[in-house]
Each structure stands twice: as structure tokens, then as C-alpha cells.
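Below, chain A partners chain B and then partners chain C, in two separate complexes.
Entry: the complex of A and B
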């Protein structure tokens, strides 16, 4: 068990390092210098000499590995960031300073991550209740018309591309009609928690409904398998109520694979719900990264979004693997 | 979230290869001919009404995409203004970029059945047909390449054991835990800045790099599936027999093992085409996919602001993407059911 955890941890760290290095290298080795936007953005003409000067001051003339080393060291202990003529004191964890706004990336990350986390939590609450609920209901009515309607309905919903669902919901439920209030993220610090809630309500609902078919399919399949087991027959035979059998006995045994896909999905959601954020105008991590690639490109922001995304996905993978052993006693981690 | 690309839950029929070869040898008229898993699956598919209807719709869409230039010629419509015969934007638009024919301000006209794009004056039907073409080209190309890559690496990883397997498995895990859209985000600006000058080179570069990005983040599912299958197949007698009589390794991989993997490959293909269609339109919608070629996703993006005044402009590409993706998904699902030995209907 211990050896397994150590091995998994090591490979997780390796994946995170490689992913962030990949983004770093892509920009470094790309055709235009990452310093180009800084040079152009300063108002004066961007001559090759000025560009070279700026690159030198930012440390971009060094080999890519060395620059990456400096960056990662900054994440751990903090560093001084130089952009052009200006110098910024960037405390640990330092992810650099935005080329565009000159704001500390770490500070903005803390702000941007809140709506993304809220959407991820809200959306998963919806798809867990709706998806697993439909799955259980369909399994309990296996073979009836109700079952078939639920199965084919969820297949149909899962076939529609997610962003179209989002777009149509936004256009027709908030702009054309007033069924849902204006969406967007209104920070809790504004002192109006109700507005925060209503602003994120539709994004969470759409995200939840669009993701629920996967859960419906998995939980139905698992429940159908489990409901055929002997211990369910025993439970029924000793006179337990149908609901108790369904939720306490069957669901407990069927939940393991659902937890697995939930863990992986949740990590992916935290890595940025780009479509949801862009369409519903929520200023989260995904939109942050998307805006950073529009010229003028902002390398520090892009690096941090990929880094954070990889961390969330890798960590959720790790947690799923470890929790698996706890939930399912048959799994031996070796 | 990424529906379609995960194919872990599939079970391939085992020993399909031998059965298939036997089947080819027996004449078709014989009463007791053994049926290969592939043939069983095909006969099941033919009986599946949903699959047949969806396949019909897809055939129509493919025909429309293939015939796009002829249809546009015939209707005298143009997807861009570079064509010398195409009308200039000023002929088609009033002030403010509003079309001077057809919706939203004028009645329907057969000259432009789906109206004219505001601001650019291009014909919507022509854009739609060419968008369909782009979308299917990208999806098919990405599917073919990712299947070749996935199958080859999966076969290698499963058959090689040891260091090769460990390295390949790590690479698979690495790409699986790399956020896909963020990867596309990081790669998109590189391409535009490298080929920024020339419009035509940029267009082609975008197309190839989009296919490349889709493949880069799309081959792992199949590779992992194939690896798992090969791990169990390689211990079977027919493989061991081939090893003993000295059959070269590549021949074992592609002639002995590959025919046994037809079912999972077909299923993976049928489910990855809709995923790629959706991904192409989605990335283009975000502005990080195609910007120069006609793309349904791009049209959806520019039509969003017009949705109140000119709904047809938005709905035509939206409905087209939906029909295409839903039909592809339903066919894919039927194919998966048909190849699954556990469903006996």
C-alpha cells in the first residue's frame, strides 16, 4: 500500500512538471518571443534591439530549462519579476506577473478560481442527483416503458454538443425570456449572496443536466447488476421495504464506479469549464486562459492555467485511486 | 464530459479472427455456416431501425458535403468573395451590414434559401455546405490518424512488456491528464503567429494543426483499450504457436493480433467521429480552431449576437451540428450494442 502511494505520487508530480514544462517550451520555442506583447504594448516602436533588451531583462534569453527552473523556484520560494523597466516583488507561491495587466498572477488566480469551484460544485450536485436518480429509477423499472424512455432520453441529451446546449439556454432562457436572471459571477464579497446564487444557477443547471446522462447510464448498469445479486433477494425475502433495499443495500454496492467517474469529472471541471464560463460570462479560470491567448498573449497566465488544470486532474486521479481501495474492499493496492 | 472518446467499457469478442477466416472459406449457400462476430453485428445493425434512419441522414449529409462545390455552382452562390464571379459585399448589404435580400428584413428568396450573412454578404447555404465539408474532413482525418496511432502504440505496449510498455503507459497517462482544451489553447497562437502573413498558408496550417491537436489528445483511449486486449490475447495458444514457429513480430502484431481487435476498433471509430465533429465546431466557436476556413462553429459564434433579429442565421448551423452529432452518436451507440456479445436481442 505504502509503496503504491509513493509510486503514484511520484508519477503524478512528474506529469504535472512535464505538462507545465510543455507549455513553457511551446512558447519559448515558438516563432514569436513571449516578450513581443510587452515590447509592443509599451507605446514606443518595437525594434529588434528593444525586444532583445526586454528579453534579457525578463530572463527570456536564457535556455528554456533554466528559465523553467527559475519559474518553478519562484513558485516555491518567490522571486523578483522584472518586466521591461519595472520590477515586481512576487512572494511565494509566485506564478509571475501578467504581461498585460501587470497584476500578480497569484492574486488573480485566487479570485478567478472561486467561480470555477462554485460552478464545479453546483454542477456536480445537479448531475449527481439527476443522473444517479434517473439511473436508479430506470434500474428499478427495468424493461418497462419508463425505463426505455429514461435511457433513450439520456442518450439523446448526451448526444447534443454541450456548448450548443449552453448557448441556447443562455440565449433563450435569460436574454429572450426572463425565466432565469442574468448570469455571471457576482463575488460573495459584494454582500449579496442571493445574486451570486442566481447568477450561477443556470450555468450549474445546464452543466448538471448535460453531464447527467453518463451517470444515469453507469448507475443504471451497476444497479441492474447489483439488483440481480443474492443479497438483494435475501434483503427482500426478510421483508425489508423496497426503498431500503434499493437505497441502502443496492446503492451502496453499486456506487463504486460512479465515485470513480465523478472524481475524474470533478477534476476536469476544476481545470476550467471553458464553454460554461465563456457563454454565461463567468470570469473563471477557463475564460482567463482563453483571454490570455488572444493577442497580446499573456504567457504567465496561460502557464498557470495549464499548470493548475494539470494539478487538479492529476490530484483527482490520485484521490480516486486511493479512495477506490477504501470503498471496495476487494481492491488491493499493491 | 468528453463523451465518446472513452471506450474503456467495451469488451471485444475473443477469437474473432479464427472464426472469420473459417467463415470466408465456407460457401455462402451452406446452411450451417458459422457466422463471424462482424457478420452477426452487421445483421443486428440492419435490423436496428434507429441505426438505419441515422445512417440514411448521415449519408445525405456526406453527399451534401462532397457535392458542395457543384451545389453552390448550380445555385449560383459563393462561400467567399475571393471568387471572381461572387457579388461584392456592397451589392448584398445595406448600411449597418444588414442583408439586402431575404431575412431578416425581406421575404424569403430562392436565390439565397438560408439568407445572407450579415456584415460579410456571403451566402449562408454555401457557408453551411462548406462548413459541413470542413467538419467531416477534420473528423474523418483525425479519426483515421488517431486510430492508426492508437492501435499501433496499443499493440506495441501490450505486446512488448517491460520498459517499452512502461514508457508507453506513462505517455498515455500523461496525455490523459493533460487538460485538452488548455492544450489546444496553448498551441493555437503558435500556429497563427507562425503563418500569420499569408491567408492561404494560414488556412491550411490551421486545418492540419487542428487535426494534429485532436489526434494528440484523442489517441490514448483506444491505445489503452488495445493494450489491455493484447495483454490477454498474447497468452493465447495461436499467438504462442506463431511465436514458436518463428513468425516475425510485426506479422504476429498485424496478422495474428489485429484481426482479433476489429470490434473494439470499429466501436472506437464510430464513437470518435461525433466527438471530433463536436470538438472541431466547439474549438472554432471559441476562436481557437479554424478562423480562415468555413466552419459551422465559427458561424454559430458570429451569429450569436444576431439571434433576436435574424434567428435563421443562428439556427441553420446549430441544427446542422445537432443533427450530425446526434445521428453519428446514435449510430455509434448502435454499433457498440451490435458488437457487444453480451447484448442478445
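Entry: the complex of A and C
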């Protein structure tokens, strides 16, 4: 078990390193010079000579491996970042300095990540309770009208495009009525946790409701399969109540694959929820990356948002594998 | 049985209270019919089945897959979903008719006075719970006042009783950590944990190799002697029947086709389907080149059962019956020349003679020779 964890951790680190290099290389070797936005953003005309100068000052004239080495060294011990004529002291972990705000990317990352994490957790709570709950209820009533209503209901919800659902919710629940009067992210540091909660409530609900159909259908399928298993018949033959059979025996077995897809989904959510953040005006990772990709591109921000997404997905994969060994005693990690 | 039902069934108005008539066997199945409505029509899984089992006795139910063995036994436990199964007839357990009882009433009985052990214990035990947890759960559901400690002690005791070494530590293992035979013992321990009066064993040895199979059968017989319980042994293995059963019920296409004392059925079967079953048993003691004789064809569809005898299409002997009686008329279960306890569903006029003269010489020539000597001496 311990050896397995160590091996998995090492391979995870390797994957993250490869991802970081890929991300770095894409921007470095992209169609336009990484220095282009800086050159254009300075207000003066961007001549080829100026561009070359800026590239040189930023160290972008060096080979890609060397530049990547400098970047990664900055992540570990910090470095001085030069953008055009200005020089910035960028402490570890340094992911660069924003072209636009000229602030250290790490500082903004720390702020931006909080609402993204909160939305991911809140949304997950909603779709796990609503989606999995509907899935269990439908499986228990398989073939009845209730089952059909739940299945077709979730099909209906899942056929509404997500951005439309967000917009409608925002339009009718925030703008036109006072049901959720203040949506958006109000940092916890403001000292009003209740406002933080109410501000994120609607985004979490919408995210959760939109993801529920997938979980409803998946967990219904898992439960229907499990309810046909021999050990369910054994549980009934013991004289257990229907509820005990459903939750203690069937759900316990059906939950394992549900946890698996949840782990992967959660990693994706942590990488940023662009529509949710954009429409409900939450300054999270997703919107940050979206803004950074628009000209003039803010490459250090783009790099860090893609990188953090990769890290979250690799880590959630790792956690899923470890949790699998806990949930299923037949799985021996090693 | 020291446990009595704490919530006796209330007699409903207009419904005769089923009194336990003295002398009635512990389990009486009477005219049981189980049907499953499907999109294709009504599946007639079990039709007009009647049998009984006394305490301390074993009934063997044989028949091929789909003959209704398991379906009828599941009905005894009330395990069929009332939304998907239509059940009629009566099933009297200890004098009380359980057909139409509410789920809550059935639960009092399930796993308590009537328990079932299933084939393939790996699939029938929950993969994620320790066997101790599964055993204590079975115990505590019917002994609500028992503490966890008592239930655990009982679980260890039962594991010990079914011959699992080091039960104190094995109780904390998961089912997948047991060997096939040991796992089936766990299954048996779970079935017997509440001292059931009736144990239904659904092919308990099918997935096991023969030596382990013999051990499990011995164990069941020992436990039966100890607890004086009635056992229904569902199997398609006539060897198991010969070893275990006092009575035998042969099922075909959802119906009983032959029913009687075990020795009687195995030595003087009167139904061609039973002959076919006997002919298709490999015999290690006989000539190695001797052929096993399979029954040709397949059973009829349970959606559209034939009007006459269900076995008619596969029967080699229907030409000995006058007219097309076999094809048009379903024979009744009735006794023939071999006593009131031996029932068979066949139109053949003198099946025992046909068996002795035509079938037995094919499957066991030595036996046929000695039989004919005996009968010539007798006459």
C-alpha cells in the first residue's frame, strides 16, 4: 500500500511536469511571439526591433528548454522577472508576473482559487444529493411511472444548454425577482461569511442542477445493475427491510463507480467553471483564464490556469485510485 | 424451534384463519402457480405445483434449467416482487398460508423460520462486508435484543459449527478471502444462524468440486440431524438427490412430472423425462466406453406451453400411447401400479415394465439383469 502510494505520487509528479512543459511549450512556440502582447500593450508602436529587444530582456530568445528551466526554477525558488524595461521580484512559488496588472500571478491565484473551490464543493453537494438521490429513487421504482417521470425529467434538464440555464437562472432569480438578490463572490476576508454563502448559493445550485441528470442516470443504471445481483437476493432472504437492502446493500456496492466519475468531475470543476463564474460574476480561475486569453494575451496567467487545471485533474485521479482501495476491499493496491 | 413469531398474523375478517392442523407437514405447497407478465406475454414459470416436506426430512427437487425449481422455492420465501409476479395457490408454512401476506409479515419469516442458501456463494455474499458483519446482520434482524457482542459470538459459533477453522479470526475476513468450499460453508452458517425449521438449498454444491461437494452435503445432513429441520434441496444432480433426499420431486416445464419417495423414483421411475435424467448421468463405475444418453431437443417455451404433455415432443415412448393423447391432453399427476405415494404425470399404461425392459438395460445392464432375475424368482 505504502509503496503503491509512493509510486503513484511519483508518476503524478512526472505527469504534472510533462503537462507543465507542454503548456509552456505551446505558448513559447506558438504562432506569435510570447513577447508580442507586452510589445503591443506598451502603447507605442511595436516594431520588430522593439519586439526583439523585449524578447531578449524576457529571456525568450533562449532555447525553449532553457526558458522552461528558468520558469520551473522560479516556481521552486523564485526569480526576478523582467517584462520590457521593468524588473519584478517574484518570490517562490513564482509563476510569473501578469503582463496586464504587473502583479505576481501567484498572489492572484491564491485569491481566485477560493471561489472556484467553493463553487466546486457547493455544486458537487447539490448534484450528489439531487442527482444520486434521484438515481436511487428511480432505480428502486424501476419501471413505474415515478421512474419514468424522473428519467424523462432529468433528460429535459440535461437538454437545456448550460449557459442558457445559467442565464435564465440569473435573469429570473436575481435580476427580475429578489429570490437570490445578491449573487457573486464576496471574499471571506470581508468578514461576512453569510454574504459569501448567499452570493454563491445560486451559482452552486445551477451548477448542481445542471450536472444532476448525468449523475441521476448513471447512478440509476448502477443501482439497477446492483439490485439484480445475487447478494441483494440474499439480503432480502435474510428478512431485511427494503430500505436496508436498498441503502446498506445495493448503494454500498453501486457507490464505487459513482465515486470514480465524481472524482474526475470534481477535478475538472476545480480547474474552473467558466460559464458559472462569468454569468454570476464570480472572480474565479475560469474567468481569469478566459480574460487572459483575450488580446492582449496575458501568457503568465494563461499558463498558470492551464497548469493548475492539470494539477487538479492528476491529483483527483490519484485520490480516486486510493479511495477505490478503501471502498472495495477486493482491490489490493500494490 | 424456540423462536416464536412475536407478531402473529391477525386473522382478517372474511378470511378463514389458517389453523395449524395437527399432523400436517411443516411445508405444504398446494396448487402453486407462478406467472410473470412480460412484454411478450405471460411466462408460466410454475403451474399447479403441489408438494410437502416434513420436519427432519429432505425433499429433492430436480429438473433442468427453467423447469421452475428455483422460482417455486423463491415463492416459499416470498421473494418474488409482487409487481412482477402473479402467484396463486397456497403455501402453508407451519399451518399458515403465506401467499398474499404483507412484506412486513413475510420478513418475520424470511431468514428466521425459513432460510435459503444459494449457489455460488461468491456472488450471493456481499463483496464489501466482512462475513462477520453479514452473519450478525442476519442474526440481529430476527433477534433485535441481541447485542453486537452476542451476535458476534453467535456468528463465530456458527462458523465453527460449519467447520471453518479458526472462526475467531476468519469472522473478520471478506468473502473473497475464502475458498469456494469455505465460502459455501459461510453461506450455510448464515442460513442456519436463526435455527430455521425449513432450509431451502438452491444448488448449494453446483460451483464446487466433488470432494468439497461431498463435505458440504455431509455437513447439511449432520446439521439436519442436529436441528431436525426440513430441507428442500434444489439440484440437477441426481447423485446429490440419491445421497440426500427422502422424497424426490421431478419438475419439467414448470410442472411436477414425478413425485415420490427417493428410492422408489430412482429405481422405478415411471416418467420418460425421469428416465432421460437417469440416462444422462455419467457412471464412473461402468464401462469407460459406455455412452451417456442425452435427452434430445429442448424444453418448450413457457410463454406458449403445449396443450398436452410438455415432454411429448422429446419423448421416445409416446407412440406406446393410443391416439394422440400425449399431444392433446395434459396427463394428471396420479399414482400408478407402484403405490399411492408415487405420483407421475404420464399417459403410459405400464411405465415400470417399459423402464425395466427397455431403459434400464441401456443405462445399467448389470442392474437390469439382477432386476429381471429377482422378478422371475418372485413370479
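Details
The definition used in the following text is that the second predicted complex is superposed on the first by the 299 of 334 C-alpha atoms of A that agree within 3 Å, B and C clash if a C-alpha of one lies under 4 Å from a C-alpha of the other, contacts with A are read in each partner's own complex, and residues count from 1 in each chain.
We take it that contacts are C-beta pairs under 8 Å (C-beta built on N, C-alpha and C of every residue); 3 or more make two chains touch, one makes a residue touch a chain.
Nothing here was measured: the structure is a model prediction, and the numbers come from that model.
Contact with chain B, but none with chain C, is seen for A:306 once the two complexes are overlaid on the shared chain. Measured by the number of chain A residues touched, the leading partner among chain B and chain C is B. Of the two partner chains, neither chain B nor chain C is touched by A:55. Of the two partner chains placed by the overlay, only chain B lies in contact with A:168; chain C stays clear of it. Legend: residue contacts after superposition of the two complexes on their common chain; A:236 is shown touching chain C, with no touch to chain B. Contacts of A:156 after superposition on the shared chain: chain B is touched, whereas chain C is not.
After overlaying the two complexes on the shared chain, residue contacts for A:298 are found with neither chain B nor chain C. In the superposition on chain A, A:328 makes contact with chain C only, while chain B stays out of contact range.
Once chain A of one complex is fitted onto chain A of the other, the partner contacts of A:108 are absent, as it touches neither chain B nor chain C.
Residues of chain A that lie in the contact sets of both chain B and chain C are absent, per the superposition on chain A. Residues 143-144, 229-231, 233-242, 249, 252-253, 327-330 of chain A are the ones touching chain C in the complex.
Remark: chain A residues 11, 14-15, 18-19, 22-23, 26-27, 30-32, 155-156, 158-164, 167-168, 171, 175-176, 211, 213-214, 265, 268-269, 271-272, 274-275, 278, 286, 289-290, 292-295, 297, 302, 305-306, 309-310, 313-314, 317 touch chain B in the complex.
The residues of chain C lying in touch with chain A in their complex are 77, 79, 83, 103, 107-112, 115-116, 118, 120, 123-129, 137-138, 141-142, 174, 176, 190. Those residues of chain B that touch chain A in the complex are listed here as 1, 3, 170, 173-174, 177-179, 181-183, 185-190, 193-194, 274, 278, 281-282, 285-288, 300, 304, 307-308, 314, 318, 321-322, 325-326, 329-330, 333.
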